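Note that chain A is present in both complexes that follow, paired respectively with chain B and with chain C.
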Partner chain A sequence: MLFEDRAKIPVEKRSYAKYYLIFSGLLFLGTAWAVWDEVRIRRPWKEYQTEYRELLSARLDSLRQVALENRDQERLKALEDELAKAKSALQSEEYTKAVEQKNDLLADLDIATREWRFARSRSDAAYYQYKKSLQTGINVEELKAEVAKHDADIESYFHRMEEINKQIALLDSVIYKYRDAVVRLEAELAQINSAANAYGLKLERAQAAPIAIRQVILNDFELTPFSEIKARIDRCQTCHVGWSEPLMADAPQPFKQHPLPELLAKHNPENFGCTPCHRGQGPALTTGFAHGEADKYWETPILRGVDVWASCNSCHSNESVLKHAPPFTKAKQLLLESGCFACHEIKGYTDVPKIGPPLNSLPAKVRPDWLFRWVKNPKDYNPHTRMPRFQFTDEEAEAITAYLMKIGRESNFQLVRARGTFAGGSSNRGKVIFETIGCTACHVAGENTAVRTKRGTTYDIAPELTRVGSKANPDWLFDWLKNPRHYNPDTRMPSLRLTDDEARHVVAYLMTLRDNRKLDPVNLALDDPAKIARGDRLIREYGCAGCHAIKGMENEGKVSVNLSDFGRKKYEQMDFGDTRELPLNAEVDYQENPDGTVSVKRTWAGWVYGKLKNSRLYQTDRISQKMPVFGFSDEEIRLLRMFLTSMTRDVPLPTYQRAFDRRQQEIEAGRRLTMHYNCVQCHTLEDRGGYLLASFEAEPALGPPPLPESQGAKVQEQWLHGFLKNPTIIRPWLEVRMPTFQLTDAEISQIQKYFLGLSKQELVIRDYASTTLDPQYLAPGRKLFDAYQCLSCHFTGRIPEGKSFADLAPNLALASSRLKPEWIVDWLRDPSKLQPGTRMPTYFYGGEAPDRTVFGGNAEEQIKALATYVWSIGSRARQAPASGQ
Partner chain B sequence: MRFMMLFASVLCFTFVLVAGDVTGKIVFEGAAPTPARLRMDADPVCKRAHKEPVVGEEVVVNKNGTLKNVIVYVKDGLGGKKFDPPKEKKLFDQIGCVYTPHVLGVMTGQEVDIVNSDPTLHNVHTLSKENPSFNRAQPMKGMRMTEKFMKPEIFKVKCEVHTWMGAYIGVFSHPYYAVTGNDGSYTLKGLPAGEYTVEAWHEKYGTQQSKVKVDASGKVTADFKYKGN
Partner chain C sequence: MQHFIEILTKPDNIPITLLLVSCIFFTWLYWVKAKKNDSQEMPDEAKMDDKVQVWPYLVRVEFIATIAVMALLVVWSVFLDAPLEEPANRALTPNPSKAPWYFLGLQEMLVYFDPWIAGVVLPTLIIVGLMAIPYVDINPKGNGYYTYKERKFAVLTFCFGFLILWVSLIVLGTFMRGPGWNFFFPWEKWDPHYVAVLTNVDLSEYFGIPTRLPDNTINPVAFVFGAACVFGFYAIGPIYWYLKRNDEIMQKLGLLRYAIVSFLFLTMMGLVIKIILRLAPLMFGINPVKYVWVTPWFNI
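And then the complex of A and B:
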């Protein structure tokens, strides 16, 4: 209707004012909304920054108030009074008059100085004329007189200046008497106020900080999937403003200080950003998008909880120990010890030795029925074994047993001693030996589980022996204890240098540890060729050869998938079998229901949790699965899952990585070796291990000594080589023994380089025996050695009588053949620095020496003297100290 | 500002006016364990220093049935109040190869003179967790070092040369602590009115707590009871 009416009005007369008004109104509102949306709604960080500024200002202000109150009020009052007095004294007649007079005098001085300079110029001019006249012979005398007159002027003005300066100096002594008092008092006040002023300054700076986007741009951080260099833009610090502010340690997010400042010292967010570790969507400026969680297509959402440590692997995939990342180190330990790489290809774990024992000569060691039960369910015999459970049926287990027994019968291995050689030991003495010499560092037997608890894993690193009496053939056990490498040339079990009798006692003890459960008898047909053939197939199919050396299976490959890019797998690509679905907002990823079913969250994390919890979880009647069940704890699952998160091919460019240079490679090789041989079960190395010390909590000095990072700088290479080849006694009071690992020269050299690498030293060939001593230091050294009573704890040569072993310190006669001379000096200077918690006290604290009579109490000279004398104790037998050069 | 300060000082003054003392004793029940005899054969200097046999001070029950070497201190209730350390120094002596006192209480920041009065080597190894631990030798008689402990905690001190030597130092951020002596009693003097948790600590028998209310009247009694085995 309306439009029909309008149509009757001639076009040129129609009014559009109404429409214009409405639409321009809408346009205005739209623009206003757009502006509002742009500057407020989409910029929550502005509010965050304002809030942060207020929070920080309030904290600084209260600190300033406290600092103000903590000032010595009496002193402050006195100073302020004095200052006021000193300032009012500046009004006194004496001072003002002096200043006035000085000003007058300064004016006079200016005039006198000017006149003096003019006189000098005039004199120069006249002198020139005079010199010239000497050549022409005109007016010579006249000009000479003029020069003299000007010179007299110079003299008189100079005197005048001196006179004035003297008067000024007199006045200054008056003036400065007043002014110095003010300056001194002001300085003292500033001192008292310094703490408060420092906070004040910080406060000003906090308040002046602009509200702005704070971004880090990494131009050449990584490559796109098309191998082009991709920049990374990171604006996290726009909201997380307080990340570096210690005052924000307990502030709410997003203002909280980063919990690991020492880690940030190596990865400075100001030029490294945050997303390389935390992931998320760097350029986004609203919470949901920045964290990448609101955007379901964002591939790398923020890593929460323990998962953040996964990022370490992007750059440190070659390293298995990271000082500032214990969860990362632990995850890698779990991975190595659980042998994931036996079936899966994993970046960085390609040539790791097999973790299980060879299975070629089993009949010498165990009986078939034990083997059958073990294959069926290893956790039944030993709940803490590392061997996972394959859930074989009786028939399958029988077939595998048949195959293993067959290759065992064909084996060349033979026990060399006569049958029954093991017999005759005392189980009581065996128990004592077992519990004191260090067997318990790796093996649990009976009730003593301190090492297992300290280790904190669900599995033991070596077989538990609580039921070994029902497993092992005692003849084999004796042979094994005497020389483990006879049965297994690659074993990590060391020789503890047991005498035949000691070995007999230990066998006697171990044979008392029996499996007292009533087990159903089994009937096995082990010679059936069809069974043997089936066993052969099963062993290949389940990849047993990944962990064990098995005859006939030497060339088997890895039986399962490559995990090197598993972290990027999408949950859509994963099959959840018959499990029920957990809602995405559930608190847990995995839940066991009362009716026996299991619910799993339909996410990558949920799937992995379920898989690691029960690797057969997603099996259905049509889909069979082969991965065995490990029985990981919740913590272990989370750590392994974190490690799997890191399995992507997205790696920063080399400039952002720590160079995996020769030194790092040597250190890593040493770490792997010391883990392989379980050195860390006894020794604390790089802040890990030392588990056996759990048994020596009352007196750690009676346990295995820790190996600090300075170990490489401590002992001589030749000595260490000899010691590792054939350990000798350093600390006679220790009952726990350093075993003989039968290491090869190459392995020893790996350990040497590892220790040297940790202490940042190079392998240098030195003849320590020819180290010359400065004879000047020998006698003072001897004197100090007595004065400082080194022999209160140490001894030289023979163990002193009447001393309890627990009170002793190492034999100093060994020093010159064992220690590096520079290390002795460093050690004497500050032992606790090299070995925190050591019983050796510091003598030279604060750079001072206790005895002032030697070298005038010069600490460095005394240390040199003591080191010289200590060095001479052992080397005296070898050579006389170099006499006077 | 002036007014505020005046007001504050008046307020403080009134606080001091309504301050009271907490006193009490540490009762020991049951049979006192036989103190271990300290065998000082390892160091003749130590052995010679004593004519009588020396016994350990781990548990010392006084004649009046009270326990010695218990630290009693205000654990909670002072709020964030800050106290200046006293100017006078405390003495921690090594004499006759025994630490004297066996239990020492100090305030944070207070100076402690650690002295070796024996003509033999001693070392002072503090097994502190909060304060930086140190292990220093004093090989000469008369050596003295002055230390300050800045964080409150109770820690053990031991000598590595003479394994029987052990002592405890309790560090407190306020002056309201006391170590029981030969009469087994303690007094926490001049506590401002308020409610407090008072804790007693003994090296063998552990800690006990008690709630006390100090009001204007000034005297509160809180006894603690330890049982022997």
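And then the complex of A and C:
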């Protein structure tokens, strides 16, 4: 054996050279490996940056080649020839001699300048001595003479310099004669080459870009869990080098350009970083760790897919509409309309009106058996109702019905009209009214589901009326249609100003919409006090008062958990009930198995998906659950889950958040209000809504007009107030009606401020009626009004006969009482900017007037004249109001 | 088993896996050498009478060993990164929350005793006991060579105290204590929702003596019973002295040394007995023992 042989050698004689060599060799190799691992293997970004540089260079180079080929070859040739000629002229004797002479003169000038400077310095020094001598009285005259001598020197050198400069100027005129030709030609050549040169410059810069870590440091971004200021460091751009390069729009990751440059314009990654929105581990530089998915302890891994929009909520939690984040806006809409805040406390949703109707006077409206069936399963009567299913047993539903009927009997609601007033309408005419005046904006009845489809939610915003004939009491319905606020003072259902006859027709039509299914008769004991008491308990327990006003339950709190930090909940804190476990690497979070069981991934996302899919999914024989089943679609679940992801207390410090100033608050209040009253069902507002337009696809102009963001700048505050109080007809050709919402002055003021806020205007009190017109613009205005044929679409006063409604534009006689004078000017200047898609043509395209006879074709003057004239039409009409408007 | 391998190969657990392997190896090495020495007249080490200078003959070997260890550590550092866990958050603490690995034995003791005993008394006794060893060890044999025969008590006590009580408790705490400090067998997954049976009763209750009276004060009978058990256990020391007082070894040791050794030894054994009382009944479907002696100040 090796070791036994070795043991025989005396210790002093043993050689360890071999071991030393082996181990130090291993140490060397190990160290070399560690260095390689450190500088190369663990820094894949070096490779990425090299690869990116090549990719970008290749793209820029090919663009440069294209630019070179696209030059005007003939002109290029001519210019190059001329340039060569001009350059060869530089060899001529006249030029070379002049340059030579100039160089000699410049040398002389240098000498003369120096002497002049020195003379000045000597003079200053002598002057100092002279001044000093004045104090002592010694050598005064002598020194004075010296100063004078130096001053004479200064003079003579200065003359010399002037002389030389004159000579140089003479030579320059010769020299520049030659040189100017060259410079001019070179400039022209550069002009032709500019495109190619720009690419060349970019190419140079791309190739010179250093291989380096690119990081953004946010020193005071957020707080640690211990409330200390924590910096955030993002190095994402080290690998994602092409995020801002439009040439990389189709490049493979990690070089691809960011898909939303307009969003980045507001959140510049160069000083905002990437992780504030995308999450992930900013300082890490390898894929798995940077995205935070390979690091199981990293609490905020990258947000993928729609989840990334959750980050908007960190800074914009107060806003419900974000222009550049449609999924975020949709999620907030879902949250608001589904009423999550009725049971859960959610930051920013503490002061929202109840989404359901009050349940205090139900006997006037429905029969107990209908109510019983509804409580048991609302989706059975109306699959698209917002009311979720509580899965009550028959006994529970009966108890709740008993309680509601009891408080209904005690209600003092009375129908104003005698019973039977509703009778006598024609259902056919009712159907026509129902389908034209705008009821379908909110209510679905029968087969017409265009609005629902356009809305794209699984629920309707107002009850579907397909079976209403079997639900509602016609006397109540008549009363309701005539004045919805009589039954429910807080309702969002507006009055459509139906005449008694119209209302009778609509009632007749609605009563034909019956539930034709065969329903099992129910036998309810509604007067049993024990049942009523049990109903009381159940209603409190399940938090019905979160959505509905119920007498005796005005002060009920929220029945479920606070969601304000739900996004930080860990999987360990969640109970998955009896669901099967889906492996973590499964592609889906939730899966319904053929045997009827459900598999859920054991993650936060999996749990939330299952909960929103079926709120009772995790219920077991011991753990009962109260959350009702909503029936959200896959898309809605993902959006709501995205929103829940954002529910954390980890938010950036205020400096990074958008200031929720007065204007923002006013805008947000207006949004909430317009959503509450479903204004967006008809009108397109801030790029959302306008669902009723689905019924007017053939001719959108016959649908409700959109409300552009400039609405506040457009209409007079007084007019808007009056209009919202009592809508008047602006577009007589429309059959769809602007309903009367019976808004309070405070609510109207909120809407005013909302519109004004969107237009970045303040609410000021103005008397539009006393706007003075400049008479010298009136006549030219009139002339232009005819020249530009405004009346081919617009009219003043009565609707011209024989015109298709689709070709009509608003009555200009209303302009002075409705529009703001500044807006008319802006509108005439560029209508499509204020209202994209408008049919109003742009007359002054590019600031030029088509008609050159008035004001010498000065567009601004013409616009002023037109606006003045249009304003004057209404002013005259106001003095003698046109009838029929 | 998949989970167990994951736990075993976690970067911060690898040293403990190595500790286990090296403990077994060195114990085995000791036994082989000690057995050989014990079977011959003169220990192998004594035969090596040839001596050389430390410098350079020892130092050069140590130098090479240093290089070898450095090479190993460098390669190790390439493969295994220092494990960092989530940022500290007082609202969300990790589960299980484990002490540094070398303290896991102490943390494990908290399962069997109240914090005052497991966290203060026993660690103090461990340190005091270790300091006392040179003063109570009167056996001059075994210096510089491997032997078992000549130092049976010392060797067995060490093996028991270090290998069983210290190392295996660390191993238990590292590999088998999961969320909620619940015990998991290697083939079980660490389930954060695991529900353990909690049916511990005090020893006196086996004999129908409730520990507390209806007004929640301690039952004097149970108190006396518990005290009797504990003092009875420690009485083994004096009784053994009385029986063996004439033995040569006892004479040499003297009463004071004997008292110290027997107290420390019995305390060590008491720890094990308590663990057995807690764990063994589970195998027979009996309620495990919670405390032997409950007092208003501490529980044993």
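In this text, the second predicted complex is superposed on the first by the 739 of 885 C-alpha atoms of A that agree within 3 Å, B and C clash if a C-alpha of one lies under 4 Å from a C-alpha of the other, contacts with A are read in each partner's own complex, and residues count from 1 in each chain.
We adopt the following convention: a residue touches a chain if its C-beta (ideal position, glycine included) is under 8 Å from a C-beta of that chain, and two chains touch if they have at least 3 such contacts.
These numbers come from a predicted model, not from an experiment.
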Query: After lining up the shared chain so the two structures overlap, which partner does A:R839 touch, if you call chain B first and chain C second: first, second, both or neither?
result: first
Query: In the superposed arrangement, which partner chain does A:S24 touch: chain B (first), chain C (second), both, or neither?
result: second
Field: First (chain B), second (chain C), both or neither touched by A:S194
entry: neither
Message: Which partner chains sit in contact with A:T96 here, chain B, chain C, both or neither? Use first/second/both/neither.
response: neither
Query: Who does A:A787 touch here: chain B (first), chain C (second), both, or neither?
result: first
- prompt: So, does A:P831 touch the first partner chain B, the second partner chain C, both, or neither?
  reply: first
Field: Partner chain(s) touched by A:K570 [first = chain B, second = chain C, both, neither]
entry: second
Message: Need the overlap of the two footprints on chain A, from chain B and from chain C, as residue ranges.
response: none
- request: Using the touch rule from the top, collect the residues of chain B that touch chain A in their complex.
  value: 41-43, 82, 120-121, 123-125, 133-140, 143, 145, 160-161, 163
Statement: Residue set of chain C touching chain A in the complex reads 50, 52, 57, 60-61, 64, 67-68, 70-71, 74-75, 77-78, 84-92, 95, 179, 192-193
Message: Which stretch or stretches of chain A touch chain B in the complex?
response: 70, 787-789, 792-793, 802-804, 806-807, 831-832, 837-843, 845, 850-851
- request: Show which residues of chain A lie in contact with chain C when the two form their complex.
  value: 10-12, 16, 19-20, 23-24, 26-27, 30-31, 33-34, 37, 224-226, 297-299, 568, 570-572, 575
